[in-house]
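Pasting the structures in now, so scroll down.
Next come two complexes built around chain A: one with chain B, the other with chain C.
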Partner chain A sequence: MSYKIQQRWVIFSFLFVPVSLLLLFLVYPTLQLFHYSFTNWDGYSSSKSYIGLDNYKQVLFEMPDAWKSIGNNGLYFVIHTLFIPLELMVAVLLNRSIRGSSLFRFTILMPYVVNGVAVAYMFSYIYYPINGPLNSLLTSVGLESWIHGWLSDLKLVNFSLVAVSLWRYCGVHVILFLAGLQSIPQDLYEAAAIDGAGFWRKQLYITLPGIRRVVEIILFMNVTGALLQFDIPFVMTGGGPGVSSSTFGLFSLFTAFKFNNFGLASAMAVVLLCLIIVFSSIQNWIIKDRSGN
Partner chain B sequence: MNGWKRNLPGKAVYYFMFVLIVVIVFVPIALVVFGAFKTRTELFETAPFSLPGSFLNMSNFKLAYEQGDMLRGLWNTTVIVTLTLMGNAILGTMTAYILNRFQFRMKKAVYALFLMAMIIPAYTTEIARFQIIHSIGMYDSLSAPISIYIGTDIMQIYIYMQFLEKISNQLDESAMLDGASYGRIFRSIIFPLLLPATATLAILKSVTVMNDVYVPFLYMPSNELVTLSTALMKFVGARGSDLSALCAGIVLVLIPSTAVYVVFQRYIFKGLMDGAVKG
Partner chain C sequence: MRKKKILQALCILGIFSATILSGCGSSASNNTGNNASTKDTNSTAATGTNDSTNTTAPKDDAKPVKLKLGMWEAKTDIEFWTEKVKEYSKIKPNVSIEVETIPDNSGQYLKVRLAADDLPDLMYLKPAHFQIYKNSLLPLDELKAAKSNKFPGVIDGQTLGLPLVSFSEYVYYHPSIFQELNLTIPQTIDEFVNVLEKIKESKKYIPLALGGKDDWTFYPFSEFGPHVLSKDEQYQANLANQAEPFGPGSTFETVANLIKKIADDKLAGPDALGIGYDQATQLFQSKQAAIIALGQWYYADHLAKVGNEDDLAAFPMPWRTSASDPLPNMTLADQYVSISKNSENADEAKAFLEWMFSPEVYQPYINTLKNTSTVEGVTSDLPFFNKSNQEAPFTPFIYDATNERFAKVKAAAQYDEKKTAADIFSGKKIEDVEKALNASWKKAVESVK
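For the complex of A and B:
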């Protein structure tokens, strides 16, 4: 076989399976999602009728529960974002090889690596109202008045869940920051020191530009992570009490599979998809490199 | 920078933070371990922070292991992880090989397709994908999660392509002078040279697949098809009020992923860091 013909054959045969899988499980469902979002389909019957933009109107204007859920996603986003500077500081400290830093590294990534469902149940136990570890800790230090039903109090439940999310995801951000820091050549710092730059000036002019790419990745992970937050409320509260700790992803899943409204749930998923793209673009625009190189 | 090492307050901050983080990470885990060794009445009568009366009390583990169907969960999880990793490695290296080494008419379109797959976040299309899985008869079988993980999680292709850029084309060409076919070049040169990247990616991916709950929960409702995550959920659903059994179940599910972490931590760090800096 000549290499010319062989080349065509190899391109086709090597790409056939991956491309078909992608078309079947990703592209086609995405198109279908838009299609369903204009119908009133219930998920099983053979008929569905087109109802135009009604689903979108309903999501946007007539579903306070959906907005409550997306507000909860917002809470995950805001609190995680507030922790990002702290994560960077930890990474800067961790970047110096002091005794114990490999153990430190091991510890800090541990929550991200272990099973998420087990982690969620672990905190259900910690928050347990009667004789649970958190409440008995408060009792033993004389703070009985702080005792709460951490997962049943409408005002607290989301903060309790966000705390679990912080426990689980802060570490991986630190490790990614660390990767960025370690990719910066040391001689840049030495050159700056010769030019008389102090600690903060070095951070501002060498560290921050050097980790721009990692910052982009972390911010993207932060947006998608917050908007797709699912495991923790699903396992720990099922979105309750009521819908008070529901997230948008959880709520749309319930809309589809519990209330059999696939059309509406599809419209919600489209909204979610758009939100993720819009928010990531805004963030990328904010931290865009405007120095011209 | 070196001056900092002599800087005592800096060191104090470092060690303070070190201790704080160790406490935050390990105390919740320790509490669950303590709870798992306590009897049910012991758990209610003693403080959660106290050590269990005996670290030999295995009754909770026995209960969780038997009623929680943990062995089946571990087996199914292992099958899913293994097949996913194999599929990912083979298809990923093949795709990267084609996209890196060949010029062809549809290349831009294929490239755009993979880029699109990177942008669409997991789970958002699940409602529509569910119908497809259903209609091709994959619902409630191990093939559903495996094909979803293989087909849609394609981050590794970019890492493979970066590795390929560093592997000289001259290797391919000299093999072609010896009359090797493209398939043979892929098998004997490209795939083996990408193995280090595959190892790193595989470990990182096995963690993600092992810990996923969404896909197994949605697509595999049968009791025979539980993974570690869904087995724990079913166990808790059935015996949620028995806290010491819950603790034991949690510990059992934590063990496999912790073991993977302890053994392969170097690869996990490398995978995360390569992805962040080069990706």
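For the complex of A and C:
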């Protein structure tokens, strides 16, 4: 056997397992998802019929509640995006040698480490209308008028849930920013200081270009996280009252399991996949390096 | 040297391939006598003497059989059957029964098992779910237990499940509060609302405990209300043939107005949508709330939490507009036990089902659950409800939730009575809700042939 064939055998043998796993657990289910989205499969019957693009038509034009759910996902996306500059500022502050910064770093990551369902239960208790900690706090500081139905007021419920999401995910963004900041060589800052650059100029011309990749990752995580948001509304409100706090993922779940329409739910999943691709591409285009370097 | 390398590479490849192939292979051969997965089980197998029987070879050469009995997380049921099935293994040493907990009673978990052709041998089902499982269930018509059951689950002419319990819906209340506020049992819907208003005026108690955050707690109103008010036991079947059934003059609208009244006047407390079922029952049990509307099944829960029934009474929800009309009360059978058609031990499963419904087993079961018997000749010992029924007699209104067309139309329209009630309770206009419902219902009726 020639050396070239030997090389191919080794490459083949090493790639066989990961590629097989990839095909089995990623490519095959994705293809099946597309397949189901063109059928009226109920999720348990052995037979299914092809119905063309009917499921897509229904998702896009006949399901106002689905679009309302997407709107709720949009709220998560917008508010999380608005918080990204703040997260970057916190990371910049933590990157400096200040007393207790290591404790802050640990503390800020903690919410992400805690199980999502536990977080949702914890905040359910905090928002509890009868003697809940939040209402008790507001009462003790004389702000009874601020007390609302945190999870029952239609205008407020989604903001209450987004606040939980922010509490949980902001920390991991800060840590990622911190990792990006620490990868920037210090001599760049020193050279800039010699050239007379101030704090803000250094951030603009060194820090921001230096963490572009991290920003890309965080923005991608933001899009996927917002559009796939599921556990917090599922545990805290079940998408309620009614479908007021439902997200697209939750809506798809109910469509598949409660209403036995896996075909329609698959079409929703494909639409969601497309939305993630579109939004991520737009974001990447916006923050593209146009300096020509 | 080169040959050695090739051999090594081939060995590695062979090991990987063998691992994957063995992982993907059928495990049927390992599942003899047990067609269900061993995952997520309560691991309460009543092996009893079974292990020793297996190893020492039974005298009658009976094949060792393991049956799975799937039931949802009803604590009393799980505790009762986990202990009781041990007795069965004494009668039939070759048969062991494993009580398996089904994580939800809305059927989602079992649907996945159905799709994977992996149903437990015996399982609890809700009547509304028969249409989903009917092709995978064994007909039970020839069983003695089927002939003596008052509410057999008959689909397309075949008995597919036998209910363990039947119960009626009640409004539980604290007699001491009624006495203190000089209230009497309401006879009509208007009187019911008046009672709630008077309790609210006292400013001492929350009139109605409602855990609206768990939207299923609206079922006594939104699911059963329109049905009972229609006075038609085939209400659901008829609904499935109407294009726009949710509008002015409909029983749906009557109940929607009642829900809106309760919400607008804060008759269920300041934030009923912010609390769930557990908190609502705690409010009632601690006498902070005066009334709670739930099924007969709640009684055992109340006794377990409070320890006595000293300040507890019940009356049927007065779904009528005139006190001179007969008072219908929603009565339904539940916890249907069915047998999987694909059970490898169907005969043993049938024998076990007969044993479950035999008087010596069923009588202690129904006494423990404090529900009404479904078996002819077995009466439930229910002094609390007997007293309530004497004080406020009613006509049972049998709930038929097995209509196939209704199930299909409802799924196609994505109609959820409880979520709709929560929508109305949260402040959505009834006419807007009705408009949206009628639009989706009409499409669904047209699409379901």
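What we mean here is this: the second predicted complex is superposed on the first by the 279 of 293 C-alpha atoms of A that agree within 3 Å, B and C clash if a C-alpha of one lies under 4 Å from a C-alpha of the other, contacts with A are read in each partner's own complex, and residues count from 1 in each chain.
The rule is short, and it goes like this: a contact is a pair of C-beta atoms (placed from the backbone, for glycine too) under 8 Å apart; a residue touches a chain by one contact, two chains touch by 3 or more.
Remember, predicted model here, so these are calculated numbers, not experimental data.
Visitor: Could you say whether A:282 touches chain B, chain C, both of them, or neither, answering first, second, both or neither?
Guide: Neither partner.
Visitor: Please indicate which partner A:237 is in contact with in the superposed arrangement: first for chain B, second for chain C, both, or neither.
Guide: second
Visitor: Which partner chains sit in contact with A:128 here, chain B, chain C, both or neither? Use first/second/both/neither.
Guide: Both partners.
Visitor: Please indicate which partner A:149 is in contact with in the superposed arrangement: first for chain B, second for chain C, both, or neither.
Guide: The second partner, chain C, only.
Visitor: So, A:60: does it touch chain B (first), chain C (second), both, or neither?
Guide: neither
Visitor: Let me test your reading of the model: by the given contact rule, A:204 touches which partner, first (chain B), second (chain C), both or neither?
Guide: A:204 contacts neither chain B nor chain C.
Visitor: Quick check on the superposed pair: does A:258 touch chain B, chain C, both, or neither? Answer first, second, both or neither.
Guide: Only chain C; A:258 stays clear of chain B.
Visitor: Once chain A of both complexes is superposed, is A:10 in touch with chain B (first), chain C (second), both, or neither?
Guide: In the superposition, A:10 touches chain B and chain C alike.
Visitor: State whether chain B or chain C is in contact with more residues of chain A in the superposed arrangement.
Guide: B
Visitor: So which bits of chain A does chain B touch that chain C touches too?
Guide: On chain A, the overlap between the chain B and chain C contacts is residues 1, 6, 10, 17, 43, 128, 257.
Visitor: Could you pull out which chain A residues touch chain C in their complex?
Guide: 1, 6, 9-10, 12-13, 16-17, 20, 43-44, 62, 64-65, 127-130, 149-152, 154, 237-238, 240-244, 254-255, 257-261
Visitor: Going by the contact rule at the top, pick out the chain C residues touching chain A in the complex.
Guide: 2, 5-6, 9-10, 12-13, 16-17, 20, 106, 108, 111, 114-115, 132, 212-215, 270-275, 279, 283, 411-412, 414, 416, 419-420, 422-423, 425-428, 436, 443
Visitor: Can you list the residues on chain B that touch chain A in the complex?
Guide: 1, 4-5, 11, 13-14, 17-18, 21-22, 24-26, 28-29, 31-32, 35, 43-44, 47-49, 91-92, 94-95, 97-98, 102, 104, 110, 113-114, 116-117, 119-132, 147-148, 150-152, 154, 176, 181-183, 186, 207, 210-211, 213-214, 218, 228-230, 232-233, 236, 243, 246-247, 249-250, 253-254, 256-258, 260-261, 265, 268-269, 272-274, 276-277, 279
Visitor: In their shared complex, at which residues does chain A touch chain B?
Guide: These residues of chain A touch chain B: 1, 3, 6-8, 10-11, 14-15, 17-19, 21-30, 32-33, 36, 43, 90, 93, 96, 98, 100, 104-111, 113-118, 121-126, 128, 131-133, 136-137, 140, 167, 171-172, 175-176, 178-180, 182-183, 186, 189, 193, 213-214, 217, 224, 227-228, 230-231, 234-235, 249, 252-253, 256-257, 262, 265-266, 269, 272-273, 276-277.
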